[in-house]
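Got some structures for you, see below.
Below are two complexes that have chain A in common, paired first with chain B and then with chain C.
== the complex of A and B ==
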């Protein structure tokens, strides 16, 4: 019984990070209608940024979060403003292709610049943990869960209550109407993609602390993010939290009770089922 | 030009048929691979180019075809041809069973559902005893590149002829109508569900045959290589680079891109993949309708063709 509870705790803690990973993808998808296949690569770049800030400059990965997010924001802003906006009105698979091309470019560049070695960000408190009610909570996992939750809720509040958030939602609902009300879509699209990239950067920073980074993690992470975004729905950041936690729980419970080789069957099977039965996501409104 | 094209194609086909007796073994092996990719791109063209459904699930059919041949030959000691048929039967069943629910989804949702399905299939096969689990299966060795070459060439010719028929048949026009506006197509009396499922099945048959031939040629398959997602991405890139929805576009795209990546990877492998990424990005920006469209329009408009494309598609 203790094992079950421990697995659930681990799943919950990992689920927070999963939600943060998928948050940027869901935001960009919902607003720009771009399914960003390079999202996982952006997470990977965020991980490397945090890794080098920590090993070269000694900046703690949790303190480095704003820096990493800023770097990725600039990268995302430039990408959308000067590359992706050129094909904004192309057929759908062209956006898939161009982001896949970017994914390849980032992966190869990372391999050339950072080598293919496994990297882990290892702060002094990495091995410590807290014990409550006989359950173990690793410190870094706990921290990263808290940070992920703060960022997700923060994004939600920003979308609801700030001028930029309202402009982003307006653009997502109706581009021409938003334009008539004085929103500059180029600016808003670039900002949104930048925010999405910054969130990916934050996720990469935390991922580097709790797991390992290589240049090749991008594709797997993108696939996971899809699953989370679809399960949770694109409308609401809180849905992404539900999606992230659900996916992490499904993965860890399948690994425990069915076998580690069935993890992908379960997680992607749930994704297909959700798509077929409720394409708007578990929490999405019915049309 | 229009009247010369069939003659030109027949000459090219003649040269290609004779290739194993003219060229060296390296070139033939490269050609087998390129022909397989061209067949896959042509198969994707039916569902992606004509019907406009960006399928990431064609590698499922490739995998089913590979495993059909592998299981038939290794576990049941059946001949190669029977294995191909088994693979095709499984692919058709899969396309009919999964096509109906999945093809209801549109746009990105369809793309992701098929992508997820291919991951599920890969994971299922890595747990099947009869398919050799994660380790895969080793097929009997047949050292005859000429045979595999002619088989691949024949398959590509059949696939291309099918697409040619498609481009001037009622069925093909129905698919194009679905791509342009599915609701309008339905209200004009196109049975969209049946058309889409048939297109998916047709694409599946060609991918499955290509997979079967490839498995016997390469003599080893495992779940990762059989349901390889990057193979699916490759066929999309080749079809879109060449010209989705055209007859010869995917073939030209596949031939050009495999030649480029082969030439580059023999010199500098990591720079080759970097170049591949850059080519995709630039091609999508400058010629979103593919090489065939560029070839037809570029002589008329010149460099303005590229500027026009950017103007038309930018925000």
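== the complex of A and C ==
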């Protein structure tokens, strides 16, 4: 029984990070109608940024978060403004093609620049944990869960209550009307993609602490994010928390009770079920 | 004589090689309500696109003493030429209040925006009652009020109201027309673009009749209402 609870705890903690990983993908998808296949690669780049900030400059990965997010924001803003804007409002297939191309480019560049070695960020407290109610909470997992939740809720509040958040939602809902009232969609799109990339960067930073980075993690992470965004729904940032936690729990429980080989079968099986039963996502309002 | 606010001279505009608007002359003076009426395909939408500068064109276009010819749509909007678009184009998933705030997107200063909010809620008490409601869930008349309120939040000099009466019950249209009169009395000029010539001429000072891209008739609202051609063609009298 203790093992079950421990697996649930691990799943919940991992789920927070999953939510953060998917948050940027869901945001960009919902607002720009781009399924960013390079999202996982952006997470990977965020991981390397944090890794080198830690190993070369000795900056703690949690303190490096704002820096990594800023770097990825700039990258995302430039990508949208000068590359992805070429395919603005074109059919979904074009966006898949161009972001897949970006994914390959980032992967190969990372392999050339950073080598294919496994990297992990190991701060001094990496192996420590706290024990509550006989359950073990690894410090880094606990921290990254907290950070992921703060960023997710922070984005949600920003979207609801700030002028920029309103403009982003307005542009997503009715582009013509937003333009009519002085919103510059190019700027809003670049800003949205920048925020999405910054969130990917934060997720990569945390991922590098709790797991390992290689140039090839992008595709798997994109697939996970895609599943989470579908499960949770695109309308509400809180949907990705539900989707992330659910996916992580399913993965952990499957690994324990069925076997680690069946993890992907279970998680993508749930994805298919959600698509059949509730295609708008668990927290989505309309199909 | 009041000042000219908007003027089009020798205006041509169209799509590709085809001109929809041919040598158009058109004037709106400060403080007026001007009706631009014409049936489907007369070129009303093309004219509005010319005004908002989302469609190029040739000729002179001036607004508030400045040429708009080379201006971007954003600049035109900022200079006070604001549309209430056909079909309302509300942000359906957002509340009434948020829709109104989007109207003030380009404006600075919380105090001024709050004052505008108060004014809009004063004009449309219904919107105040419904301010937290999702705009897409309201009735057509309420949605039109919300669209008008949103436009007023932009602090317009000239309000372009496109096909306001479309799909609304006559009693609602009358209410909205009354509100437009009030808006004009507060110093905002109104250009009412309508297929429903009868509704438009009810409150307008002057009117233009447009047929296949040209102005065929113009004059005071009374003159147009009593014109035998118009009575025959549009009012069925």
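By our rule, the second predicted complex is superposed on the first by the 285 of 287 C-alpha atoms of A that agree within 3 Å, B and C clash if a C-alpha of one lies under 4 Å from a C-alpha of the other, contacts with A are read in each partner's own complex, and residues count from 1 in each chain.
By our rule, contacts are C-beta pairs under 8 Å (C-beta built on N, C-alpha and C of every residue); 3 or more make two chains touch, one makes a residue touch a chain.
Predicted model, so just to flag it, every value in this text is computed and none were measured.
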| item | value |
| --- | --- |
| Greater residue coverage of chain A in the superposed arrangement, chain B or chain C | B |
| Partner chain in contact with A:261 - chain B first, chain C second, else both or neither | first |
| Touched partner set for A:169, first chain B, second chain C, both or neither | second |
| First, second, both or neither for A:97, with chain B first and chain C second | first |
| Touching partner for A:219 - first (chain B), second (chain C), both, neither | first |
| Contacts of A:269 with chain B and chain C, given as first, second, both or neither | first |
| Partner chain in contact with A:83 - chain B first, chain C second, else both or neither | first |
| A:178 touches, of chain B and chain C: first, second, both or neither? | second |
| Touch list for chain B against partner chain A, complex | 48, 52, 54, 101-102, 104-105, 107-109, 111-113, 115-117, 119-120, 122-124, 126-127, 134, 229, 233, 236-237, 240, 244, 270-271, 273-274, 276-281, 284-285, 288, 310, 312-315 |
| Residues of chain C that touch chain A when the two form their complex | 52, 73-74, 77-78, 83, 85, 89-94, 98, 101-103, 105-106, 150, 154 |
| In the complex, chain A residues that touch chain C | 163, 166-167, 169-170, 173-174, 176-184, 235 |
| Touching residues on chain A, where the partner in the complex is chain B | 29, 33, 35, 83, 85-94, 96-98, 100-105, 107-109, 111-112, 185-186, 189, 219, 223, 226-227, 230, 261-265, 268-269, 271-272, 275-276, 279 |
